[in-house]
Every structure is written in C-alpha cells, then in structure tokens.
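Chain naming follows the written order as A, B, C and D, and within any one chain the residues start at number 1.
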Amino acid sequence: MNKSLQPDLLALVRDPIDPRTLIAHVRAAEDGAIVTFDGCVRNHSHGRRTLFLDYEAYESMALLKMREIAGQIHEQFPIHLVAIAHRLGRLEIGETSVFIAVSSAHRPAAFEACRFAIDTLKRTVPIWKKEYFEDGAVWADGEMPPAPLETRTAKPAS
Amino acid sequence: MAGRTCAGYNSLVSLSSQTARVKVLFFGRLKEIVGHAEDSVELPDGAPIEALFSHYGVNHPELARFRASLVASRNQEFAAWSTPLHSGDEVAFLPPVSGG
Amino acid sequence: MNKSLQPDLLALVRDPIDPRTLIAHVRAAEDGAIVTFDGCVRNHSHGRRTLFLDYEAYESMALLKMREIAGQIHEQFPIHLVAIAHRLGRLEIGETSVFIAVSSAHRPAAFEACRFAIDTLKRTVPIWKKEYFEDGAVWADGEMPPAPLETRTAKPAS
Amino acid sequence: MAGRTCAGYNSLVSLSSQTARVKVLFFGRLKEIVGHAEDSVELPDGAPIEALFSHYGVNHPELARFRASLVASRNQEFAAWSTPLHSGDEVAFLPPVSGG
C-alpha cells in the first residue's frame, strides 16, 4: 500500500547527491530503523593517490537494474522503502558516488537490505569508473555481471 | 560509422533473407577502443550477438582480448552471446562494471 | 594515528540529534564507505499505537559502555572512526533516538561494525525506554546485559 | 532516605568491624518501586551487593520478583552479586536495558 503511495526512489544524477533527500524519501512514522550506505571517493586506490574519478553509465539499463534491485529487496526483506542514487560524471575526493537509504520497522532487515543493495549494484548495474592518477588514468577493475547461460543451437558437424 | 553492413555475415544472407538494423553501444574501455559510443549496423535477421561482436573485431583486433571479460546485453537485459538479433534491437557490450 | 587526532565521538544528548554532525565527524578523504544506523521512534509497538517515548540512562556508565563498544569495533573491524549519539528524555514519533555512523576504506567493515555497534548498544548500554500509549505507559521489555560470573565463596554447610 | 544503616546486616557487624558507606542508584521500573533514584547506605565493609539488594527487599517486597532479571553494577561496571562493597562504591541495580 505504501509502495503505491510513495514508491522507491531510483536515480542517476549529475549534481551532488544530498543524502537528506533520500533519507526523507524513505522515512515514515512506522519505521524504527533507517540504514544508509554512503560510497565516497577515496584519495587512494591500490596504493596510488587518486586525483578524481569519472563515472559513466548505460543509463537506461542502469535504471532498470536499480529497479530490479529494489524489487529483489522488497521480496527478500521486510523493509518499507529504499532510495538509491548514483552520481555520474566527474567526482572529486570525498564526494558521494552512491547513496542508499533503507527504512524498516526493525533493524536487521534494514541492514541486510542495504548491504544487499550495494553488493548487487556493484555486480550488476552497468556503471563504469575511470580513476585519474598523477601519472595517468585507468578504468577501474570491475566485476563481471552474471552472464546468462549460452543456449547453443545444435549444429550438425560438417 | 552508421549504416555499415555487417560484412562478415553477408555471405550468410541468402537472397530471400531479411536483414535487421540494430543499434550498438560501447562503454568504458570498449568505447575508447572502437572510437565511438554508438553505432547502427545492418546484419542478417537472427544473427547472434557473437557475430555482431566479431564484426567489430575486423577493424579492432584488440577487442578479442576483452571478449572473455565482457557481457553482452540486448534491449537493456543481459543476453547470451548466442541471442539472435532482430530489427530495432539495442545491443551493448559491457566491460566489468565498477559502479558504487 | 588518526584516532589520536580525531577520536570517536560518543554522546548522550537531550536535544535532537543532527546526523550531519556525526557523519561529518567520521568522514575523511581516506574513507570509501560510511554506513549509518538511524533508530527512530515508531508509531506502534506490539500492535499498539505509541504516543511518545521517554528515555533515561545511567549516564556515566552508559558513556563508559559506549566507549567500550567503540574500542571493540576498532579491535574487530578495519574501520576509521565511529560516532554514536543517544538521545534522552521525551521523544516524539519519528524522532531519532540513536544514531551511529562508521567510516572505513571499504564497505564490509563499515556495515559489520555499525551492526555490531547497535546490537551491542541494545544489550549492554544502561538506557531505558518508557513507552506511552493511549491507555498507559510501560517500561519496554529490555535485554539483560551479560552478567559477570558469580564467584561464590565456599561456605561450610552448617 | 539517605544515611540509613543496612539493617539486615547490622547483626553481622562485630564491634571491631568497619562499616562502608555506598551510593545506590535505581533506574527504570526499580526507581518507581523504591520511590527514589539515589540513596546512600551504610553497611558492613565487604558485604556483597546481594546483601544490599536484600536490604531494600525489607521495605519493598515486590523487588524480589525482579531479582532474576536484574544485573548489578559497581563503579559503572557490571558486577557479580557476590562482589564485596567498600566505602565510596557506587552500586546500581539495572533492569533489562532497552536503549536504541
């Protein structure tokens, strides 16, 4: 019922993420727990000093995958609402690249759902990060999304 | 680059075969190799995603090196390399993702 | 090293908790993840409509126990900083009773430490909640802190 | 209420025994039963926390009902009921905690 009145918030944004907007979105009088994850740009990566990052996304698919994550969370955990925002473009050290807020009546579901959301986002949402160092830039090592099984058409040996 | 025919598969097109025009997207490292983010390609209707990828390998042999670490998508869903393509499909070649 | 420059923040407060203060306290350029837990006053408890809550604490001991939790977290998880604030006195529906923020280079430690902090706080920190309903007030069912083993002096049977 | 002697144990005090003055704190439900949050009690030096609790049971028999669900503390640390008390100690009787 609440879901139809105030659905989950899923967004890709180019301006700085304001956590308060996402928290306000999920927070309601029936909730006893809100867990948030704030992923921010570290000043180092693999022992090297990071200057800044640049994120790009396959936006239409990324939003679909984020909505899938929200759906999985509601199926698996007794939560109230989830809000996920990922920023794209150039990000400076300390800025928030991804913010997730989950509200629930009780804390275990909020913790588990928030953790599931970021873990799944990092494996399945088509977003890429380029890391800029003093001596160059590299695309970050990423994770391979779970590939569908190949259904090979049987071919006669020729 | 738009409007090219998927050369490697022209030989498979019989005279009565239909062709399909698909939109192709490249991201991250792949975009840099291929040199553009978006392409439009004509190929035999029903040709697999694998064939579309091989087509780009002709001009960019270094793509082969990434094949094992790529996942393909068709119409915003992860898709097997054997997935047949039809007109209007949107295909993307996705390097390992690194959001978050 | 960082710990001596900017130690963990542990507080009992009577005014509304501002999450931004706690988050700003733990956030630094070397952190890639900040996980927060916001415990807020639900509008229901055991199927009854809650009007408001009143929290009291054994303040000196509660602060010691909160500091112990911070120490345990640093021992068990590779985190950077933790901030814990618990509010006392009368709280209205939707207000934050406890807020925990944990920063870390990587997310697993931040999630696990934040969860450990709230779970341990609820078992060991001497704070009590009285719930006010339309038809009366009750002290909330609580959790028994882990009691020390009794060391009995042997007595001769008489 | 301050300054009372821990009556139940007066009989245990030999003439040469020292007495100890301890501060006693009550919280939550217990504070409501006993009627105050703080007390100061004189008892034989070395008497256990258990004896101090029994002392309050004389005037408030309903306390016995809560004994099994209480934890005691001495000087802001959880303490066994057998912990001996000395002058200047601060003892608290803590109902199940419900913070968070």
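In the analysis below, a residue touches a chain if its C-beta (ideal position, glycine included) is under 8 Å from a C-beta of that chain, and two chains touch if they have at least 3 such contacts.
None of the values given here were measured: they were computed from a predicted structure.
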item	value
Between chain B and chain A, distance of the C-alpha-averaged centres to the nearest whole Å	27
Whole-Å separation of chain centres (CA-atom averages), chain A against chain D	53
Between chain D and chain B, distance of the C-alpha-averaged centres to the nearest whole Å	79
Of all residues in chain A, the ones touching two or more other chains	39, 118
Chain D: positions in contact with at least two other chains	none
Chain-level touch network, classified as line, ring, star, complete or other	line
All pairs of touching chains, each written as two labels joined by a dash	A-B, A-C, C-D
Residues of chain A defined as touching chain C within the complex	19, 23, 27-44, 93-94, 105, 107, 110-111, 114-115, 118
For the chain C and chain D complex, residues of the former touching the latter	39, 55-58, 60-62, 64, 86, 97-98, 118, 121-130, 139-153
Complex contacts: residues of chain B adjacent to chain A	25, 27-29, 69, 71, 73, 76-82, 92, 94-100
